[in-house]
């Protein structure tokens, strides 16, 4: 039962992060997901210092507020002639360092624990359960991230048309009356919410892994948006299940292993993806190279016949040419060879 | 005569640096207007500011005598090629369908007759066989025709195109011009940023020359095109 | 009264602040601000592996961290060049995945019977109190050559930031120069880890440079100002955290530098608008 809860929690966290992560990536806002995970911590700490209850709903309000604040602050700094990446780096470092200072200063008096907040450990999540009216309805992390996932998916389904339009062509969308900022704000709020709920289970840093890795892997696999969403969910699910299983086997950090497996999935897809993977393209390029070499050798043979000059014969290439029937046993150009050269534009007059 | 686009005293600045000063324009309904000027003259900025896509410092802009808010969906915009992420995971059909989104508004899904219009538009621009293809797998010309199809679906009265012939093949250029001429003949207004001065008098009947300010505008038959163009491409003086 | 423990911390902070402040200028000018963040997170598995093989020798820990950082950068470059992914996506992914691998290794190390509490957690959050003279020697021994390299290779570094044509004209591959520069940056980040920690080290790289930006007209000037700001933040941060027992050193240094960067831009704005007003 506890094991099942653990797997389910990991799965829900992983997918809940991946869905808004995909849209942030498509909108060119991945840097913001990095910033949010750090800066949201300040909202959590400040709210905690006021309400002193880690399970209070105000924690989420505080976190979301700081997330939106980060986005606004970054935008303001960019107008100050600070480039986007520098602005983001500056803002989240400031908020994050302040949060850590506050945590360590007040650590003794509270239940805020730096390791737990930043590194998280999903392994304990099945033991923190939500009990409503005496009925145990499940682990807190699973329920909360389930809510986040539900909100993200609902947002995506309801605003699908608007999301696609404003992401793909923001200017035209603005022109006909779809303000991209409305959807961007929605996404930032959703992402902040997701980050807060995922914190408990996987910690601040690894949230970034779940927000970027599955979407990036899916991006390499398809040019169709619906399929990309499906693949993102699928890869998030597999990374979490394999990750938890491996971590249990080796008895190491569960969230760390989930991130590592997600990374491994990405590397495999990057290298081996059909047609667009590194290896597929290397083979394609080699294939092209061989074709070019063959044609060059064929040209050599033709011009050699004309000029009677000596030239280097590459035995392997000649055998391949003969196998294709472009030249005959006596290394004379065949009619197929002539046509091939003409098609390649290397022979204009009909060779005798 | 009503003006498709009339602009008064438009000034635009990026970070304290003015790019357009007190620009006026009166582009009549039913013409095919070329916006001409050297690189960095502010052609794209002029279009974007008129369409309220960038903030303007001063100025008043009217479309068909009304404010943009009243005529939003009657204006179609085809962005500069560089402004689009051509790797975006989206198909030809989906892009063309966006033309119907403005009329549908928030939250309402495209309907059957929207899809019918998409099919017709793709037929017109010659992309019908490619309707399921991702835009990343199209040639530059086909990509441009996809955006033309989107504007057709929108059934706009005013078409604004930023360098529509940039990076397309000769065949696409002919197809684009044919479609645009048909639109013009059916009473629509076309405004396009254009670079090729050779083809200018053949494609367009109206000229708007800009270089930080309005240099000249009018029907091409009434203008001495060479003189205007020379003036537009001369370095801008800083004096008033 | 400055005791020996505090002196060690101050010296180490000053050196790290000055080094990262001046090298950070390259990152900011090349619009690589977030790459520093990726490097610093990516160092973690390197630290863990170095510990597994060589124990707690600071030199080997720094070497391991540097290697992992360079591998991280190389992967970021390689993936961005061979896919349609934008560089920010790749960096975010690399940062978090390397960090995850680091976490796995750290939890593995903690379970080893020989090590017990290895104190490697300090590399995540930084722990200035644990810095000893040996660390200072290592930092100085590595920092001095790096500054010398920057001084000697100055024209190359300057061209790397502004003028790639200059590099090509002299037959220098910008990729190789890039690798060299990123190696130096990785070394500095690795040295800062024990004090500032992997999570915040990158901020110490960029904040002083951003602060110096409005006040410098040349890159060399910007580097000196940024280095100075970094050093001052180091001293003040170390003093503040020694005065108040619970305030941690690393985050305080970083917070100070961010505040200075923001203030610097606010003041610069005031100056500019005042100048414009007086000109009118």
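Annotations
Think of it as A, B and C in the order they're written, each chain with its own count starting at 1.
One rule holds in what follows: a contact is a pair of C-beta atoms (placed from the backbone, for glycine too) under 8 Å apart; a residue touches a chain by one contact, two chains touch by 3 or more.
Computed from a predicted model, the values in this text were never measured in an experiment.
Put simply, the chain closest to the centre of the protein, by Cα centroids, is A.
Taking the mean of C-alpha positions as each chain's centre, the chain lying farthest from the centre of subunit C is B.
Highest inter-chain contact count (C-beta pairs) belongs to A-C.
Rounded to whole angstrom, the centroid-to-centroid distance between subunit A and subunit C, based on C-alpha atoms, equals 26 Å. Distance between subunit B and subunit C, defined via averaged C-alpha coordinates, is recorded as 47 Å. Remark: subunit A and subunit B have CA centroids separated by 35 Å (rounded to whole angstrom). The multi-chain contact residues of subunit C, meaning those touching 2 or more other chains, are 84. Residue positions of subunit B touching 2 or more other chains, listed in rising order: 87.
Contact of a single residue of subunit A with at least two other chains is seen at positions 28, 219.
Residues of subunit B touching subunit A in their complex: 15, 48, 51-53, 72-73, 75, 77, 79, 83-85, 87-91, 94-95, 98, 101-102, 104-107, 109-110, 134, 136-137, 154.
Residues 28, 31-34, 36-37, 41, 79, 82-86, 88-93, 95-108, 111, 121, 124-125, 199-200, 202-203, 206-207, 210, 213, 244, 246-248, 250-252, 254-255, 258-259, 261-262, 265, 269 of subunit C are the ones that touch subunit A when the two sit in their complex. Residue ranges on subunit A touching subunit B, taken from their complex, read 26, 28, 79, 81, 158-159, 161-162, 164-165, 167-169, 171-178, 219, 222-225, 228. Those residues of subunit A whose C-beta lies close enough to touch subunit C in the complex are 25, 28, 30-31, 33-34, 38, 77, 80, 82-83, 85-86, 88-90, 93-94, 96-98, 100-101, 104-105, 107-108, 114-115, 118-119, 205-213, 215-216, 219-220, 247, 250-253, 255-260, 262-263, 266, 270, 276, 278, 281.
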